[in-house]
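What follows is a set of structures to go through.
Each of the next two complexes has chain A plus one more chain, namely chain B in the first and chain C in the second.
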Partner chain A sequence: MFEEIGTTTEGDLIINVGPQHPATHGVLHLVITLNGETIKKVEPHLGYIHRSIEKMCESLTYRQFIYVTSRMDYLSAHINNHACALTVEKGMQIEVPERAQVIRVIMDELTRIASHELWWGAMAMDIGAFTPFFHAFREREKINEIMEETCGARLTMNYYVPGGLMAELHPDFQKKVKEFIVLFKRKIDEYDELVTGNIIFINRMKGVGILSKEDAISYGCSGPAARGSGVNCDIRKLYPYAVYDKVQFDEILETGCDSLARYMIRIREMKQSIRIIEQLIDNIPEGDFQAKTKAVLKLPKGEFYTRVETARGELGVYIMSEGATTPYRIKFRSPGFSNLSALDHMARGSKLGDLVAMMGTLDLVIPDIDR
Partner chain B sequence: MPGLPLSWRGNEGEVMWSLTNISSAIHDWLNQTFNPTWVMVIEMVIAGIAVIGLFAVLGLVLVLMERRVAAWMQIRLGPNRVGPFGLMQSLADTLKLLVKEGMTPDGADKFLFNLAPFIAMMVAMLLMAPIAFAKGFQLWDMNIGVLYVTAISSIMVISILMAGWASNNKYSLMGAMRSGAQIVSYELSAGLSILTIVVLTGSLNITDIINAQADGWWIFKGHIPVIISFVIFIIAVTAETNRAPFDLAEAESELTAGFHTEYSGMKFALFFLAEYINVFIVCAIGATLFLGGWMPFHIGNWEAFNHVMDYIPSSVWFFGKTFFLIFVIMWFRWTFPRLRIDQLLTLEWKYLLPISMFNLLLVTALAILGWHF
Partner chain C sequence: MFIVKYIKEVFGGLKSLLVGMRRTGYYFTHHKEIITEQYPDNRDTLVMADRFKGEVILLHDENNEHACTGCTACELACPNATIKIVTKFDITPEGKKKKAIDKFVYHLELCTMCNLCIVACPTDAIKMAQTFEHSVFNRADLTKILNKPDSKIREGIE
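Showing the complex of A and B:
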């Protein structure tokens, strides 16, 4: 830790990027050893936004703890809630109505698009283009409006309960989602024109931040970060939950292993999400939005684990129950933490400017890493 | 102002309004009232005040313009609350920066730290001298005008290096080093593309260069080689003024604010202002060399059209062309991502420099053979 104030014995420069720095999108602290502009070592320091969510969950009932998880990966709030609800449902063996399952999938995919759009804007900003950020937020705003009408919130939605949904859909929901689909299909091409096709952008992304398939697996990467290296890891395909086994969509794989591959994965994933929503939006079955459950939920003694695919990768929820109204122990396997661990391996030997681009393609959300 | 050959003070009986009317009126009145020594002193003072005034006005206008252009490209409104159309916004910002505490960090080299912004400012002011703002309206019509501009603009890098080194901050130091490498490299291309016009004109004098474009701007007269050198010039000066996509010296997402990380208050404002003034100056030079400066747009023998064009004051022509180029440079900034430092140097040394050298040979051949119009 002492060497952080100056230079190493070999005369390399050590700079602290963060905890307050425009590139880290949160309170991540990177201690970077630099030789000129070339990176020799990246050491992430965590814990600046640790709120001990896992410990908090232990004192909350099974109905309550779901909503704390909205604050983990706040860009995938719905999907986090989904994972927790699924775990409780698995333990209690609650049958979720078909209607609730379909709505959950639509909401999850809308969340994924919103998350990827924010990532796209922030990614462009990381490599120095400011304008895409505003364009991304313009479309993301439409999703937020849809969420606001139905869930009453724009970021931490808290819409899912064990056994279904908290409330009925807003009457305008289907109409607005269809409007959004039409709008988004037009705008996604605009994104490609503005950023993806830009020669400077391609030069900045291609061949930097190489993460081979073997490394991606051994670092435990998941989500777009791993699929960019050709790892087959989409939980929606491998272990389908809700109605993901009934809809048609492709698992996006790229074999470039570089920043551009990870970028393209997310752009193409947005199109797949739209495809899923299109299939479901007209086919929301009638019926209850919530299963009938007991007033007080008590999971039987035992261990329960569920995993879902968030916008960042695999989120695992592990609950250990002693049969009480609150969980005995809870552990979240967050995608951001494992993805961040690969950063040092990817960044060594590249330039400082590329580190920022690599962090962008990992799509780090710091509250998800620290919890 | 002083020093123009009589023939370029406007033709007899010309109806065109020009800034020269004001300057010659003042000049004549002073000559009638004082003796020549005093006239010179007073005119120098007036010129100095005019430069400072222009500085302030340009700073305010360009900052507002940048913000409005950015807002326009980013589907926002931009500043529109302070005064009509947000015109007073920059004034309010300047006032805020003026009353802010000018901090000097511990461990900084205090003398160099405080000197750097003034050098940046001084360079920008010196560069104003040879620019012809309108027909016959020029502070100092020296015979080495173009050389003077390239020479003085190189001093800018010293102030950036000074600021980066004296701040005692690693981000600042890295920003300054990047900037040093960048400015020194791109000056070559900028210089070579300026040289193409010098070769065509046969003079370094700004007035001569503008007069040579009376029958058509160089960008139209010089065939493709001049268009190539114009494009290279725009790229190189964008890099020289540290503007995106070449803003590596202050790469926000990498180095927080680069060489001026530690600066605050008015010292920061001087750097900020100097950047915008430099943008104005390089665009003014570009407009002068390639787009004919204050020369109106003429088409061959369309007498009526040319006559209408002549009615537009020459200062409007000059500022119109300059602001068009400024807009182009702002357009770059808000659409392109940033290059990496090695890509930046590769672009210059492997592509732009060889192309501009070859281009210079082409233009030289063109000039010798007299193939331009």
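Showing the complex of A and C:
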């Protein structure tokens, strides 16, 4: 059993953050051993929102299981669905029409911006600034409206199916996205004015939560958390999927290894996402939005693995098939779980107040960690 | 040298705070648009997006006829067993037996609005409605029977 309350035999104080705590953004339970104000150990306890998604998927067909994955990392629901659709398409050897691929990339990047915006607002609120939250949600609302119009939902869209998309784009889609690009380019500079340049913010982030390049690799970190330490791990660049190999964008790398570096990565990534959308929005090719597929999908016997870059890092989907209509085994390699494992290493020796800043820059989504 | 650096830092920090405060002040004095929706008050004017997934409905025309043949494609497509179709056999005027739906049972409490049933329907009999106020006091009220009483299948749909 874990020691969860009181003091240890060495006289250190044990405190519990969570499972219900506003700074953990979900039901994450951290057991922290403190020596005065200094953190000696952080032990995350998981399982409060475990829904056994992997086991559930084993009883669902290859069309049905995609919607469940929206509930893992709900802030990058589109990208999760993309990973699953790609794995099934890989197994079935379905050729996805060019039009569907381009729309998928636009949707993915819009999701990434929405996710980073929510993170930016919530992160600033953790640190103590309240206004940024409203600024972030104001712009995120525009993306939600675009999603609502085309996909019919604001968060758990389920717009991708094996072979393409579920429905045609809404006629207003291109117009709305262009309006959003113009608006967002103006607003992102305001974010820098409000938060990035702020002296209080910089003092709270700089040198906090150091994660060296070697540690980032050995803990299996991915996404902005690892790129802040200089690990180039962007799946969109390393193993391009969809049309990512045909668009121009930079992989953002920072070498600060601290919370500020991880913060800057996401701010700069939003600008790159806008750059990708700008290149594609006027060049959506004509054609079908869905490939012709069989009524019942049956993956051939074997193992299939694909990975994509979600807003939080690398998501891997592993399907083991016995040739039936349902998968024999599904495993998701979620980015949040690996990133959380580095928290203990980052937090040791630093002050309790800095823990919130570290957790904020890891961008933890608890349903993604627990699944 | 140290003093100069210190003073620079202090004033640089002050400036960064003022830049942020100016942005906040700008929005405080220039409130052109109201983004928040005054939800319960704007109920009459609130328009949801036409693809918004609120709940599944069975479409009926003015003659109280629908297009559902009872093929159970939606029931098979549903990941959560939300839809249950109970079929019966109608006697046609020629004296033949014909399969038709008796009850189209829809469990709203189980539905995740994934849209798979709508895509699966071969006759476009069902669609997503834009309603979203689903709260009820009794859980049993969420189990709905979608076909209206005495409704029939439209002529010519097989």
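Please note the rule applied: the second predicted complex is superposed on the first by the 369 of 371 C-alpha atoms of A that agree within 3 Å, B and C clash if a C-alpha of one lies under 4 Å from a C-alpha of the other, contacts with A are read in each partner's own complex, and residues count from 1 in each chain.
Here, a residue touches a chain if its C-beta (ideal position, glycine included) is under 8 Å from a C-beta of that chain, and two chains touch if they have at least 3 such contacts.
Since we're looking at a predicted model, the values are computed, not measured.
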### Query
Touching A:126, do we find chain B (first), chain C (second), both, or neither?
first
### Message
By the touch definition at the top of the document, which applies to A:152: first (chain B), second (chain C), both, or neither?
### Response
second
### Task
Once the structures are superposed on A, label A:190 by its partner contacts, choosing first (chain B), second (chain C), both or neither.
second
### Partner chain(s) touched by A:67 [first = chain B, second = chain C, both, neither]
second
### Task
With the two complexes superposed on chain A, say which partner A:200 touches: chain B (first), chain C (second), both, or neither.
both
### Message
Looking at A:22 after the superposition, I want to know if it touches chain B, chain C, both of them or none. Which is it: first, second, both, neither?
### Response
first
### Query
Looking at the overlay, what does A:138 touch: chain B (first), chain C (second), both, or neither?
both
### Query
Taking the superposition as given, does A:351 touch the first partner, chain B, the second, chain C, both, or neither?
first
### Query
Overlap of the chain B and chain C footprints on chain A, residue-wise?
131, 138, 194-195, 198, 200
### Task
Please name which positions on chain C make contact with chain A in the complex.
12-14, 16-17, 19-20, 22-24, 35, 49-53, 77-79, 112-116, 119, 128
### Query
Which residues of chain A touch chain C in their complex?
60, 63-65, 67-68, 131, 138, 141, 145, 148-153, 156, 158, 161, 166-167, 170, 190, 193-195, 197-200
### Message
So in the complex, the part of chain B that touches chain A is made up of which residues?
### Response
70, 73-76, 170-171, 174, 178, 244-245, 247-248, 251-254, 256, 334-343
### Summary
Residue positions on chain A within touch of chain B in the complex are 13, 15, 21-23, 37, 124-131, 133-135, 138, 194-195, 198, 200-201, 203-204, 351-356
